[in-house]
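Below is one structure. I have some questions about it.
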Amino acid sequence: MRDNRPALGVGMVGYAFMGRVHSQAWRSVGAFFDLPVRPEMAVLSGRSAERTAAAAARLGWAAVETDWKELVNRDDVAIVDICTPGDSHAEIAIAALEAGKHVLCEKPLANTVAEAEAMTAAATAAAAKGVRSMVAFNYRRVPAVALARKLVAEGRIGEVRHARAVYLQDWITDPEFPLVWRLQKDKAGSGALGDIGAHIIDTVGFVTGQRIDGVSAITETFVKERPLAEESAGLAASGGTARGPVTVDDAALFIARLSGGGLASFEATRFATGRKNALRIEVNGSRGSLYFDFEAMNELWFHDATLPDEEGGFRRVLVTEATHPYVGAWWPPGHGLGYEHTFTHEVKDFLEAIAAGQDPSPSFADGLRVQRVLAAVEQSAAQDSRYVRVEES
Amino acid sequence: MRDNRPALGVGMVGYAFMGRVHSQAWRSVGAFFDLPVRPEMAVLSGRSAERTAAAAARLGWAAVETDWKELVNRDDVAIVDICTPGDSHAEIAIAALEAGKHVLCEKPLANTVAEAEAMTAAATAAAAKGVRSMVAFNYRRVPAVALARKLVAEGRIGEVRHARAVYLQDWITDPEFPLVWRLQKDKAGSGALGDIGAHIIDTVGFVTGQRIDGVSAITETFVKERPLAEESAGLAASGGTARGPVTVDDAALFIARLSGGGLASFEATRFATGRKNALRIEVNGSRGSLYFDFEAMNELWFHDATLPDEEGGFRRVLVTEATHPYVGAWWPPGHGLGYEHTFTHEVKDFLEAIAAGQDPSPSFADGLRVQRVLAAVEQSAAQDSRYVRVEES
Amino acid sequence: MRDNRPALGVGMVGYAFMGRVHSQAWRSVGAFFDLPVRPEMAVLSGRSAERTAAAAARLGWAAVETDWKELVNRDDVAIVDICTPGDSHAEIAIAALEAGKHVLCEKPLANTVAEAEAMTAAATAAAAKGVRSMVAFNYRRVPAVALARKLVAEGRIGEVRHARAVYLQDWITDPEFPLVWRLQKDKAGSGALGDIGAHIIDTVGFVTGQRIDGVSAITETFVKERPLAEESAGLAASGGTARGPVTVDDAALFIARLSGGGLASFEATRFATGRKNALRIEVNGSRGSLYFDFEAMNELWFHDATLPDEEGGFRRVLVTEATHPYVGAWWPPGHGLGYEHTFTHEVKDFLEAIAAGQDPSPSFADGLRVQRVLAAVEQSAAQDSRYVRVEES
Amino acid sequence: MRDNRPALGVGMVGYAFMGRVHSQAWRSVGAFFDLPVRPEMAVLSGRSAERTAAAAARLGWAAVETDWKELVNRDDVAIVDICTPGDSHAEIAIAALEAGKHVLCEKPLANTVAEAEAMTAAATAAAAKGVRSMVAFNYRRVPAVALARKLVAEGRIGEVRHARAVYLQDWITDPEFPLVWRLQKDKAGSGALGDIGAHIIDTVGFVTGQRIDGVSAITETFVKERPLAEESAGLAASGGTARGPVTVDDAALFIARLSGGGLASFEATRFATGRKNALRIEVNGSRGSLYFDFEAMNELWFHDATLPDEEGGFRRVLVTEATHPYVGAWWPPGHGLGYEHTFTHEVKDFLEAIAAGQDPSPSFADGLRVQRVLAAVEQSAAQDSRYVRVEES
């Protein structure tokens, strides 16, 4: 059936794990949200012509390119969606922005602060011409996390005293798990720190509305050498007999002061046996507390300390009500959402910002801020854990 | 990009709550599962031309009909997907089957045993000609529920002693909530009993692999009269000032004997304040136990009583591993699925059965079996709760 | 150090599981509660002189008797605490009351309605002379259960629609577990029904403040024959090679109507593998809900439906605040209590009632009411599950 | 009744919160455990004659002293139990040991490393003469914590990668809560750090069997000034209008390396709104993980990673089986214990060690080790969070 809204062609670079979930978001968003524009899944690019064509057929992209530079310059592409490893983000994003394309870029924004600064500069220049950019910290779009942010912003937990964030996975506890790109510094920038630590840094900032003032850190690589990877898909992979050095951290722990005077702790690890994707955050304030665990993503735990002690306690808010952020578009109460919906919400907000002529959030500047925290963590870890202040713009 | 698999045109009747979620399933299934056929979202039918056209545009259907009879006879329709209230299921399904179309029919299969019997007869006749039919008990396709079935079938919990199933909602606790079609016997057949009770009857049968021998029941309508409905969407609605009688049950409780000698209890209610979509089932066997709650749908709790007492306990299996039913097609461990995925799995299984020339499950005969339990419940409730055996085919 | 409060000598009959926990209650109560009287652990009676003496030495009783009739008539005994199996309750309690002794009697009050009626008549006659009696439904004295009662009484959950109570254990799932007295009808009266079903019947009545109007029931004995018991201690026991018939129910399920118009379901079983002492009750009202599980006895879950949907949810009230029932006498918040404390609270309330010249609660009449529900359950189960109204006094 | 075991007179110094719970332990231990000796609650000392006498009467002590020096030298005292604030521990403990009395001393062992060293030296000297000493880290005696230690020691979780420990309370979030002794450095030594941080330091060491190599720390005092205290009881207190400075930390966070190569994080705070006594520890090893939360003290969560992924998950072990540490002495499965039982277990182990002529555990040397970690934390916090190695003996 016809649709009279203006179309926006999307070109996506990369079709692995992130590419699959972004595709589902682009495919679904229009059926659930009343958008002012209509995204079209125009072009997919990847290095292998054959594999890219197969992915495009499966994921629903109309055309393919084997060179992202071609994609970036196509007339039928208004939005470039970057789903590649971090080492290529800067080059692609800057080229796309200079070509006047709106850019959605996976996190972490880049592998170094310098790259992130260049990208942020490009984004600022582009914004002046109405070209928008956004970094894909998708966990901000979990309804429960968005609700947490709202409650903090409304003052419901008062002054923030503590934030306690961990991101726990266990997919490389087996020392025979191979040396995939995520374990190589030149591709991934860092290990657990940049991959999942970046998410909790952003989430704590988003929920509390505060900056991280400085950090004191310890990092560790438990398994120093691994079989060279033969092939991988998503986070799964198999290895051969040759071995190579793991050049990133397996785990990063840091404690921090927040700009509002509170204290925070962070832990990102791929060695928390039995924890699969436990992005957890608790915030304690003078009037209440909040707790979230992504492994139970449809729940937010809220303690309202203004209630009488006798009946106080953490309540399990099932974040599936029509009044909750994003939820009205979906199903009745109690019918939960999944991981992929965070991306659907992300592209929805991105498209709405583009249509409204506004800068979407989180911006590249937000991504740069996270990058600077990552850099401070690495510096502290290298300097006997001493407190390192996070550089300000 | 091109796709060489044979296409199967789908015609869907109805576009409300069930139509929306079925659409998402048809839209998504091919991007995640390697299907032998390719579903095409061909036609949507609804009574209002305008509203149907709008729904089709939004949900991604290529054409519309205002008469389901036209849809059923279109050449570009190979599958008829019935998403209407229960009072029209029999007529549509039988017509579709007779027209040689495969049929996926929402639950409960029908509003009466007689209708369900006629539908089952039509399905049997159609199957002889290679035409397939399936009733949409989607909760069987929750990965955790499918895993529970697998563990029981493998003997992991031994002989079943107890099943304890509830389906708790609270969306009509407000006496001013209006008289929507789900509260009218002529449209819905029954209330909580047929709407959600049917799900737990099917789920207990599926997980335990046993029939319900007989039941002893109590039903109740707490709010006897409600405002006439003005408009509704999904399970939400608003009411006017005129009132009408509620002609269905608000809650149904029954206890039962299972064919294997175990005991079971069931409760379906729309008055469990604070419970939103709590389809819960616990099964206790001689060697172990299982527990599931749809409000935390990515978890299955498993107690293995063959472990030493000292270290025994219910374990929270996060059903997000690639080795779990359906999960390999989706995301890495710990990245949960949502309500809609149960439908995606349903159409995946349906399409595979069609392609394989096999009868899908649950069949219309399974739907009839549930219908007979519903009838026994109503009969027991009407006869002083005396034990009523469930009629056998 | 000296204590000027009047002393009340306690004589306890029986020293097995219940005797041990009652002893701990008598021993501890004065150290935590400001009592108007001072209980003295005067006499313990049991049939074996040697074993009774050993138990008395260990549990702290000053003297022993081998005939409870002697105990009942001793001048240094003001209170008789009956901790024997149900078949001896009536005789001991009536004799004690006639001897002018206050009586605390373990539950179920008796093995038959007739016995319970006789006991209640004796209690009424005794009360006229200032002699007090109480039946030991200890779960009323769990702080969380007392808080639940308080919240219901204050109208916090509105009109009660549903009560859902189970008492799940698994200590006899092994068919080789021997035929202890609790599995013999002549000693125990009934099986899971009277032993643990009695507790949930009382608890539902206590928390909701309503009577059970009638019931429809199913009972079952899964293991019909067991090794004859050689010795037992508490709930543990070992068996020999000879076998005998199990003459009580292993599980009892019943559904009920409450006097206020709500519906209730009950299940008592010793075959819920993995559930150890799961006395659980959920009550759903028009304004809120409550949930309790004894396996996490320091928590009460409360859903206040008068809060906005957006922030509603079941909250875990840690019932360890000084403002909670009984808790002020103990430890700081978060420092939980255990099973035995329910008995300490019980004797505290009993002693206070005696000192105040008031009838304690639950009374023998309350115990009789439970007995009548048990009888109605047995009758319904024997009559094809038909609805049996509970006899009124 | 008579008891032929040798008696050991106990003299307790202090009768506030710790004194009350120690009294309950001494009072109860003999009724549940088969002890080789018989503790007698001989003497209680306190500064106020009147209040001490009242406490003794209530708590069951036979005599009183107003000078602890008298108590320490009484012939009827074989054991000195120190329940005073930390500033008096060293003097009392050393005097008692020199007088040949066995000593049980509350934690933290002392307020400074120097004091703890002197105490440890005295303990070593006393041990040579058969005089025993123990520091009261009671949480080691939670059955679930003892089970955790056992599982780690048996290799069930493999090599320890991570320990994650927090001790969260919220009793001083109100800035008007008064300046009780626990908030004064001269009395308490430190704040959250020494009071509750000491517990998690000891518990991590106990469960993992590893030392803390070094720490990087941040501490904070959120509320700098408070009303001067007028009176207090347990952790509750009320304040007047005059104010004084808070001289201890409100919260302490630190990250650490363990002697076995793992990483650990610690947080002790009295500002975690809604958390009442949340001593939580998670340990992740190469073969499994463990999780404990004192607010649900009868549970241990165990993930056994050697099970197939498909059925893996954290299992809730209800630590109430007769085979669990300490539990056989108490109640049937599912009948939980409370806070006070940890002290009953403590004195049981202490008495058994005395009777066996062995040094009990944790020793004063263990207490000194904790003290050195506390000192390293304070030093790191004062030195820009740089990593400070913990001094070795």
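Labels for the chains are A, B, C and D, by order of writing; each one numbers its residues from 1.
Just so it is clear, contacts are C-beta pairs under 8 Å (C-beta built on N, C-alpha and C of every residue); 3 or more make two chains touch, one makes a residue touch a chain.
Values in this document were obtained by computation on a predicted structure and should not be read as measured data.
Interface comparison, B-D versus A-D: the higher number of contacting C-beta pairs is recorded for A-D. The greatest centre-to-centre distance from subunit D, using averaged C-alpha positions, is reached by B. Note on chain placement: the centre of subunit A and the centre of subunit B lie 35 Å apart, centres being C-alpha means. Subunit B and subunit D have Cα centroids lying 54 Å from one another.
Note on chain placement: the centre of subunit A and the centre of subunit D lie 42 Å apart, centres being C-alpha means. Taken residue by residue, subunit B touches two or more other chains at 275, 303, 312-314, 318, whereas all remaining positions touch fewer. If you sketch which chains touch which, every chain touches every other chain without exception. The touching residues of subunit A, counted against subunit C in their complex, run 147, 151, 302-304, 308-318, 321, 323-324. Residues of subunit C that touch subunit D in their complex: 1-3, 17, 20-21, 23-24, 27-28, 30-31, 53-54, 56-64, 169, 171, 234-236, 275-278, 294-299, 318, 320, 322, 331-341. Interface residues of subunit B facing subunit C in the complex, by the touch rule stated above, are 157, 161-162, 164, 166, 168, 170, 173, 216-218, 220, 222, 251, 253-257, 261, 263, 265, 267, 269, 271-275, 282, 284-289, 303, 305, 312-314, 384-387.
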